[in-house]
Structure formats: structure tokens, C-alpha cells
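Multiple structures follow.
Paired with chain B in one complex and with chain C in the other, chain A is shared by the two complexes that follow.
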Partner chain A sequence: MWDFFIVIFRDSTSILLVALGILIMQLGGVINIGAEGMMLIGAFFGILGTFLSGYTGLGILIALIILAIFGFLFGLMTIYWKGNQVVVGVALNLLAEGMTTTLSRQIFGTGSQSTIQGFKPIFLGVSVMTYVALALVLALYFFLYHTNLGLRIRASGEYPIAVDIAGIDVYRVQLTAVVIGAMIIGLGGCSLSMAHMNSFSELMTGGRGYIALAAVALGQYKPIGVLLASLMFGASNTLQYHLQASITKFPAPIIRIIPYVVTIIAVIISGKNSKDPSALGKKYIKFS
Partner chain B sequence: MDPILRLKNITIKFGALTANDNVCLDINKGETHAILGENGAGKSTLMNILYGVLKPDSGQIILDGQEVNIHRPRDARALGVGMVHQHFMLVPALTVVENIILATCQTPLINMKKTSQRIRELSTKFGLEVDPAAVVKDLSVGQQQRVEIIKALYDSCKILILDEPTAVLTPQEAKELFKIIRQLNAAGTSVAFISHKMNEIMEIADRITVLRGGKSVWSARKADTNEKELARHMVGRDIVFTSSENGAIRDKKILEVKNLCVSTAYKKNAVKDLSFSVCNNEIYGIAGVDGNGQSEMVKALLSIIPKDSGQVIFCGKDITHDSTKEIFSKTIGHIPEDRLNMGVISRFFIFENTSFYNYRTDEFSSRNSIDWKKEHSYSDKLIQKFNVKASGGKAVFSTLSGGNQQKLVVARELDKKPRFLIAAHPTRGVDIGATESIRKHLIQQRDQGCAIILISTELEEIMSLSDRIGVMYEGKMIAETTPKEASIEQIGLWMAGKES
Partner chain C sequence: MFRKTNIFVFIVLAALCVLLLTACGQTANNSQNAEPEKEKQESNTETADHSQYKVALVLPGTINDEGWNATAYHGLELIKEAGFETAYSENVKTSDYEAVYRGYASKGYNLIIGHGFNFLDPAKAVAADFPQTMFGVTSTVEYADPNVFAIDTNSSDAGFLAGVLAAKMTKTKVVAVPCGLEIPGIIRYATGFKQGVEYVDPEIKVLSSYTGSSSDTAQLKELTAAMVKQGADIIAPNADQAGLGAFEYVKEHKDLRIIGVYGDQKALAPDQILTSAIIDMPGAIEQVAELGFKGQLEAKAYVFGVKEGSVWLTDFSSDVPQDIQDLLKDVIEKIKNNEIEVKYVLE
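Take a look at the complex of A and B:
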């Protein structure tokens, strides 16, 4: 039983991190359909950085820097240049797929030469990434509800004109949220490739970015809610592995769709009384 | 004594329009200075300049004897100028404290306790009762306004600008507000009170400046003037309340509403057991504070939202369960309250907007394709007939001024030759010239036999246009009268829910 919980936590870590990143961006009013792509980029560059430098910490740092750049560009295109957030996000996903696949084949070939010495379990059978993710839930709660910037981010996603009239640069607040969010998502990607697995494989995120998007909605835009939703999705994943291993008569593909079916149901349930920020996805034009 | 604030020769232009033309204004310490003017006279523009939202093309702002530059609202607040906008600048999903911190806090961490404490201090000092922990969207409009005032006062405020503060209030809430204003004055805070309602200004102001057509035309102490004089300066001529009575025989009930009940997702029983009828050649005015079920009633009549129960009869036929499309295919017109969202597609061309009702008819289409040439000439015809200032039907709708946009909507609806017309706030936010023309058209239409529902929050408009008046309060028609029988005061009481 205890093992089962540990596995759930391990499987949920990457989704939880990505969901926290999406949470902060979307609270700021920016839809992030590109989370999947950001996660993939994080997963790849974490491995590549570690592979080249020999240090996992350095690998993560490189991934975070790359994600900060991508987040900055994403924010520039959507907030300042008024690109459609969904279109730019989808473009980012396509770019990430192509880029990581091509680079991975160029550098590592098609085999599993990208294997590194990843994070090992340190305590109670889970790696440091899981503890980082749990700590981030608390940190984010504090950030959003007890700091000025957190308040400004939440206000920008709800009613940007009030922020604007208070003399605060709405664009900068949103851009900050996007960059921070992108980096946390990147960390989620790293946890997938460096703690959950020990290598990068093509398109390894397998829709976790979208599942995280659902976790944010299901978690009603609250850090604790997002944690619980992520654990639920992680559990459905764990269940899927277990069923595949234990029930051999049942066709595997049908078992494998369990997490996705759960996601769809969750989205339908949470859509009913959605807590989406009021200005989510709306372009705001500053008057000053 | 030198005035605390002096605005000198403020000029600002928006394209061809000079919104403020050499406007001068003095405000003394601790006084309430009313700025009176019709819609579009430039009152809000002037105050937005003072608050740093807009930048003047020329002119000086002198505060406490020193010329100041105000580039942003933050500068204004640092100098002690606070503003309560007509549309509240509060984040609905956040609490009162959070909203105040958002506007005032400059430190990285926020201190809810200290801020709540200060809010309570201000509350007790000025009688601004409000719960700091409440979420703004749960508060009434009057309470939200108090939050806005606290927000403005939070960092010591010398001059408080109130932009049309009573527009959304009941007469009783307005009384409360006036009490607060007097307390502020006593504490040395000056108040700039923007309004176009003369009776309010006569009640609360110490001095009055009248703006007309972007110019400051006249200034006086309240004690030296009266409502009539104010009206003359505001409009530029004597206003005569012309009764629009026409003596036609009203023998047919064109529209009859019986026991209508409507609930929406946001409001249960938005309309409760509402009954009334409108005859031919009649304007039925519906008075009431905004948000008492007027817009839900209109939407339900037109089947835009479902009715819970009740019956709607148009010319003897039951149209309760007809679809919106079926209703509009009859001779029913609708001037919507929110023209930009409900009446038009503002990024489309004028001729596209005027084609809404006729593009399916045989006259304007053949073999399922629209004859745009005919639509062009039709829109040109409307523009001419209703004297809309537009370069032609090929202009984009949003390039028209507010008054002309509304004129065009009115033109489209009236050209249907409706037997029944719903006019919801037909002159809201419209300049005085267009207002006059729209009112004239409504009366003309009535004289041709049309039954009209006129919904307005402006009592003066209701009184001068209507043949009969109903007063709506919390979804019910709580009184029915005629302009001759009832005084404005009596209707005001009804609007506040006082049945008598």
C-alpha cells in the first residue's frame, strides 16, 4: 500500500510541476496551451545539459535558462504584440516537437545514448524533484496570496484595467508571470526526463502538458487544489501501469487510455463551475 | 484664500473633436465643487486629465500654488488627487483589502492586517461602512462605491474626484453618499463632483462650474444661483418641458404582458410577476434604477432568455413561445441597451449593419445571395433620412461618433415601421444634438401609431416623453402613473422601493 502511494507521488511530480507553472501564467490572464511544448523543451535540455556538463544541477540550470528565453518570447508575442495566445501556444508545441526530435537524433542518434545518471530516490523512495514540487506548492501559495506581485498577477488575470489605473504596468506583470511559469514548467520537464526516467526519448511528454492544463482547471486555480488534481491524474497513470502488468488478457491499448479518459471527465466536471480568471485569454490594451 | 487646485486653459483634442477647449476651473480647500454638463460636454475628459489618465495638449495644472505635471494616475495620487470612476476600477474576484493593497501598496510583501486596520479607521472616520474581508463582487453597488472612496482616501487625499457618483445609486444610497461628502469636506478634503443632474448639484455643491461643448461657460456659488439658471447655462437655452401629448385614440392593446417571471443564472426572480400593457399611439415609460430587472424583462420579451412563466400577447396573438427570429420577423423593433454588443457588429461596415433584417427578403437577395449594391443604397438612404453624420454606407461602423452610432441603430429599427418598439436607454451616452433627434423620431413614430416601451434611468426623459409611466423595482412593476399625476419626487421614492 505504501509503495503504491510512493508510486503515485513519483508519477504525479512532473504533472504537478507543469500544472503549477500553468497556474501562475493563467492566473495572470495568459492561456498556456503551449505547456506541452515547454515541458518537452525542458525535458530535452535538462538531459542535454547534464550530458554535456556532467552535472545534473547544471543541466537543470541550462533547461531553466532556455525556458526563461522561450517564456520571454511567448510573452512578447502574446502580451506585447497581441498574438492570439492559443495560436502562439500551438505553434510553440509544433516547434518544440520538431526541435527536440531533430536535435535529439543529431546528438544522441536514435538509440538510448542519452541515458544519464539522473536523480535517485533520496528519502521515502522518491527523488528530490518530488520534494521540490511539494515545496513549490507552498511557495506558490505564499507568493500568490501574500506578496504584492502575486496579487498583481491575480488582478491582471481578472480585471486588468483596474491594475492599469493603479499605475502598474500590466504587461510587465503578465510577462513576469509567463517567464516564471515557463521556468516551472521546464522544471516539470526535467523531472520527467531526469528523475522519472533517466533519458530523453522523442515526444516523451505524451500529453502530460495537456493533462496538467486540465489539473489547473480541476484544481480551481488554487495551489492546493492543483496538487490534489495532479495526484489524481498521477494515480490514474499508476493504475494504468498496474493494470497493464497484472491483467494480461485485457488489450493494453484500452488500459493505456485510462489517464486520458479521466482527464476528459475531469474537464467536463470542472467546466461546469469553472473558476477561470475573467480576463483569461483576452487581449488587454494599456491606455498609458 | 488661494484655491487648492487651479486648472488653467486646459485643451485636449481627439482627432477633429476638441473635447476640452481652454477650460478653467478653481477648487477651494474643503469645498464641494460641482462640474455640471450634458453628456459629451467634456466633464469626464477634464477629470481624467487631472487624474493623469489623459494628457492635455496644452494648459496648466496648479496644485497648492505650484504647477505640476501629472503623467500617470500614480503621480496624481502622490499629489493627493484621488478619483472614483463612473465604472468602478475594482477587481470583482478579490476582497476589499486586496483591492486596496493593489492600488496603494508598493512594498514586495503585503500586510493584510495593517491594511484592514487602516480601512476600519477610515470607515469609522467618514461613515464608510464596509467589511474589509468581503469579496467585492458580493457587495452592492453602493458598498462598492464606498470601497472606491476608501481606496482614494487611503493615501492622504486632498482632492477627491467623483465621476457621476449617483448614476448607479438609489436616491437613498445617494443621500448616504452626500453625508459622506459633507464629512470629507469638514475634514478639509475638497470634492470635485461631476454630474448632469441639477437637483443633486443644488443639494450638495458649494460652487458650480458648467461645461458646455468642451468649454467652461459659467461658474457661480450655489447660493447665488438656481436650477433654472443652471439649466440655461448647461443647455445654452431655456429648457421647456414639452408635453408630448397628441390626443390620439388609444383603443388597441398592441402588447400585453401577463405575470411574466424570469430568472437568470445570476439572479433568481430577476423579473417577478410583471404585468402591463401598451396601446397604439402610446409611449410607456419604465422608470427604475439600473439592475431592477429591466434588461432581463426586455430579453425575455424577445425570447433571448427563457421565461419561467407568464404570457406575452402581441396584437392579439400569443408570442410567448416564439423564437427571437420569429419575433423580429414581425413588426417589432428593438433599440438595445448595449448597442455595441447587442445592436451592431462595430467592426463591420455600415451597410452590413443595416442589412440585418432585410438581407433575406426577396428585395435584397436573389437565389440565396445578397444583393450588396442594393444594401449599399439602402444604407445611404437611411443615413440621409435620419441625418447621420457618416461619409457613407461603406464606412466602418466603429468610425462613427457615439451619437451617430445610436442614430443609425434607431434608424434601422424605425425603418422597419414597427407596430411595437422597445427603446432601452435610447439616449444613454449620446450627445445632446443626437438625443434631441432620437427623441423626436420616437415621438414621430408614436404619432404614426406605434406602441413604444421606453426604458430609461433618466427621470427627465421618462417624464417628458411618456404617456404612461411604470416604475420597476426588484423585478416588479410597483407603481403605474402618468406624467401629469406624479411628481419626480414621488417616482424617485417608488424607484427606491417605497410603495405608497
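Take a look at the complex of A and C:
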């Protein structure tokens, strides 16, 4: 039974991290369809950095720097230049797919030349990334509800006019949220390629960015809720793997839909309680 | 909202794209025509006649994807080396299959190969208008008279060999085939694997399932983990790139053994791989071209397996005892003599 929990935590770590990153962005009022792409970029540069430097820590640092740059550009385009957030997000996904695939073929060739010494399980069978993710849940809770900047971010997503009238630069607050969020998403990518696997492979994120997007809505925009939603996805995935492995006579596609059925049920049940930030996806034009 | 300047910019950009497109098209054509020319002169001495036979390959993806499309392109290169005149189109969209087919057929290509089962319907649609051209479609067994034929590599044979080896090597009496996409080539590998295991010992349990993704390595790793939990100790993944996930898991657990597929995957887990079941698509394409050159191609399903020399096992690792190696050589002989019949089925 305990093994089962380990698998659930292992499987949901990357989704949880990405969801937390999306959470902070969306609370700030910026929709991030590009999470999948950001995750892929994080996964790739984490491996590349480790490969080049020989240290996992340095690899993660490089991934975070790259993601901060991408987050900054994303914020610049959506917040300052008023690009459509969904369109820019989709563009980012396409860019990330092409960029990581091309770079990985250029640098690593094909096969598993990108293999590194990733993170080993340290305590109770899961790697340090899982603990980082859990710690981040608490940290984000504190940040969003008990610090100035956190409150400003949430206000910008809810009612930016109020923030503006209070004399605070809404754009800068949102940009900060986007950059921090992008970095956390990148960490999620790193956890997939460096802790769950030890190598990068093309398009390895496999839609986890979108699942994380759903997890944020399901978690009702609260860190604890996001944690529970991510664990639910992890659990339904784990169930699916184990059913597939143990029931061989049953058609696999029917077992594979379990996570999606679970999602639909969860959305139906929690849907009416979940409220998006009021200014989510809206372009705000400052007074000054 | 919509200013005139915007429209102007769109039109200019669109016009630029069209111009560039035509420019690209021409250079591509030129290079295709120029290269066989050179080839012709070089190989004139031995196989002069081959150059009269023109082979075109239509690919759904890029030639350097190091996977599905690259293997077919590699086959085309083999043909080219043999002196055939060749051409290819890559990254062709489904809606353009017919147009590309018509293009090559009207240029007088004798053999046009579409790489993938979804080329079947366009081939059927075009074939009647070009009775002189043979249309080959890979990864299917459907064909249509008089000039659409099917080319397939017999992954069931490969699965069978892997299954026999796995059944002989397992200590736990449980073996696993974690698969990626549920497509004919992979399904046939899994069914062949089951037959191979059954041939040795029907008591042995075969776990097989699909993740539905060819790129999600983490998913395949978890599926492998779940199968190992069920007791499997020999893993034979078949999931394209996602197969790396299985290798990853196996490397973390030193008591497991793994069997590669398609190419020689020894480098992925040198200490734990038993062998790789090679499925030689390039060789199959070369054989088809040779048949076409001899005028022997007909509307039927050409399946390239052990008998045709397109499926074999690489050198065994030292973990495989000599008697099991001999048994497998014996099995290969028996398949060649029709003493063992591997069912080529999708169920």
C-alpha cells in the first residue's frame, strides 16, 4: 500500500509544481496556456545544464534563468504589449516544441546520450523534488495570503483598478507574478526530466502542462486545493498503470480513460464552487 | 478596429511566403534531379539499367526524425546506392497525399511508396488513373488490384523471437511487453511475443499494455514499474522513443533484463540487455524496389519477416546461456522451414 503512495507522489510531483506556477500567474490575472511549453523548456535546459556542468544544482539554476527570461518575454508581450494571452501561450508551446526538439537533436543526437545522474530517491522512496514541491505549497500559501506582494498579485487578478488607484504599478506586479510562475513551472519540467527520468526526450511532457492547468481550476485557485487536485491526477494515473499491468484481458483504451473520467467527475462536482479570478485573461489599461 | 494598413501587411506577407515557397520548390526539384544524375555516372559500370527505374518515397514527417521516416529514407538511400533513380517528398500533409502521388505518377515514376497505413486510401484513389505505376503502402496488409500493394515488416516474427527468449530467461514466470501507441506494428509485436512465450511454456504469464503515447517516457516508465510489481523480470518494450522509459527503469533495478527492438539498442542498457530484435525496414524497401525492377511486383501484401531475412536477433549478451542461444537459432531455422508458423494477427 505504501508503495502505491510513493508512486502517486512520484507521478504527481511534476504536475504539482507546474500547477503551482500556473496558480501564481493566473491569480495575477494572466492565463497561461503556455505552461506545457515552459515545462518542456525547463525539462530540456535542466538536463542540458547538468550535462554541461556536471552538477544537478547548476542545471536547475540554468533552467530557472532561461525560464525567467521566457517568463519575462511572455509578460512583456501579454501585459505591456497587450497581446492576446491565449494566442501568445499557444505560440510559446509551438516554439518550445520546435526549439527543444531541434536543440536536443543538435546537441545530444538521438537515443539516450542526454542521460545524466539525476536525483535519487532520498527519503521514503521519493526524490528531493517531491519535498521541494510540498514545501512550495506551504511557501506559496504564506506568500499569497500573508505578504504584501502576494496580496497585490491576487488583487491584480481580481480587481486591477483598485490596485492602480492605490498607486501601485499593476503591470509590474503582474510581470513579477509571471516571472515567478514561469520559474516554478520550469522547476516542474526539471523534476520530470531529472528526478522522474534521468534524460530528456522529445515532447516528454506529454500534456502534463494542460493537466496542471486543469488542476489549478479544480483546486479552486488555492495552494492546498492545487495539491489535492494534483494528487488526484497522480492517483488516477497510478491506478491506470496498475490496472493495465494486472488486467491483461481488458482493452487498454478503456483503462486509459480513467484519469479523464475522474477529471470530468471532479469538474462536475466542484465546478460551481470554482471561481476564476475576475480579471483573468482581461487586458488591463493603466490610468497613468 | 481593422485598419487598411493591417490588411496591406497581411497581403504583403502572404505574397512573400508564396514567393519563397516557389523558390524552395524549385531548388528542391533541382537538387533531386541533379543528385541521381551524378549517381548515374558513378554506378554506370555495374548497374546501368537500374537508373531507368524511378522510385519515389512519400513521407508524413521529416527524413531526419531518426525514427519512422528516417528508416524509410534510409531504405531509399540503399536503393539510390544500387543505382535507381530516386526522389522523395517529406512532411507531406494528409490532405496532400493524393496530389503528391499524382505529381510523381505523371512524371513517370514506376514505383511510389507511401510510408504509413493512412496512405492506402489516396493510393487507391490515384492508382486507377496510372496503371503503369506501382503504388506501395507500408505498415498495412491491405492491397487493391491491379497496382496497389502492401509492404510490411513482420513485427510478429520479431515479437516471437523476443517471446521465446524472454520465456526461457524468466525466473519469476512473468514477462512484460510495455507498449506505446496502439498501432498495427506494435500490436503485432505484442501478439507475436505472446505466441513465442506460449511456444516455450503456456504457464508463463505475459503482461502487455499500451500507454497510447510514443513520446511520454515517464508514463512508460511507470507502466513498466507497475508490471515489475506484478512480478515481471524480463521486459520487452516497444514504444518508439518512449521505450527509453522502460530502459531507464530497468537500469535502476539491476535484477531485471530487457530486450531491444527495431534497431540495436545495446547502448541504452549494456549490462542488462539480452539482445535486440531487429526489424529491417530499409532492407524491405530495397527488396521491393528490386522486385519492381524485375517487373515482378503484383497487388498483394509483401510481408518481410525472418524468412525474407528482414528480422533477426543481434548478438546475445553473456547472460544468455549457450543452450538458449542454440534454441533460438533452431527456432529461426524452424520459422524459415515453416515448421513453426507465427500468426500474423492483430488480436
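Criterion: the second predicted complex is superposed on the first by the 270 of 288 C-alpha atoms of A that agree within 3 Å, B and C clash if a C-alpha of one lies under 4 Å from a C-alpha of the other, contacts with A are read in each partner's own complex, and residues count from 1 in each chain.
Everything below uses one rule, namely that contacts are C-beta pairs under 8 Å (C-beta built on N, C-alpha and C of every residue); 3 or more make two chains touch, one makes a residue touch a chain.
Model, not experiment: these values are computed from the prediction.
Superposition of the two complexes onto chain A shows chain B and chain C fitting side by side, with no clash.
In the superposed model, A:Phe287 makes contact with chain B only, not with chain C.
Touch criterion met: A:Leu203 reaches chain C, while chain B stays clear of it. With both structures placed on the common chain, the touch criterion links A:Leu192 to chain C but leaves chain B unconnected. Across the overlaid complexes, the C-alpha centre of chain A sees chain B and chain C at an angle of 130°, to the nearest 10. Within the superposed three-chain model, A:Arg152 lies in touch with chain B and out of touch with chain C [touch as defined at top]. More residues of chain A are in touch with C than with the other of chain B and chain C. In the superposition on chain A, contact of A:Ser278 is made with chain B only, not with chain C.
With chain A fitted onto itself, chain B and chain C come no nearer than 7 Å, counting C-alpha atoms only. Residue ranges of chain B in contact with chain A, taken from their complex: 53, 72-75, 77, 85, 89-94, 98-99, 101-110. Interface of chain A with chain C (complex): residues 3, 7, 10-11, 14, 105, 109-112, 192, 196-199, 201-204, 206-207, 237-238, 241-242, 244-246, 248, 252-253, 255-256.
Only residues 64, 66-67, 176, 182, 205-213, 215-219, 221-223, 225-227, 229-230, 241-242, 244-245, 247-248, 267-268 of chain C touch chain A when the two sit together in their complex.
Chain A meets chain B in the complex at residues 146-149, 151-152, 154-155, 158-159, 161-163, 165-168, 277-278, 287-288.
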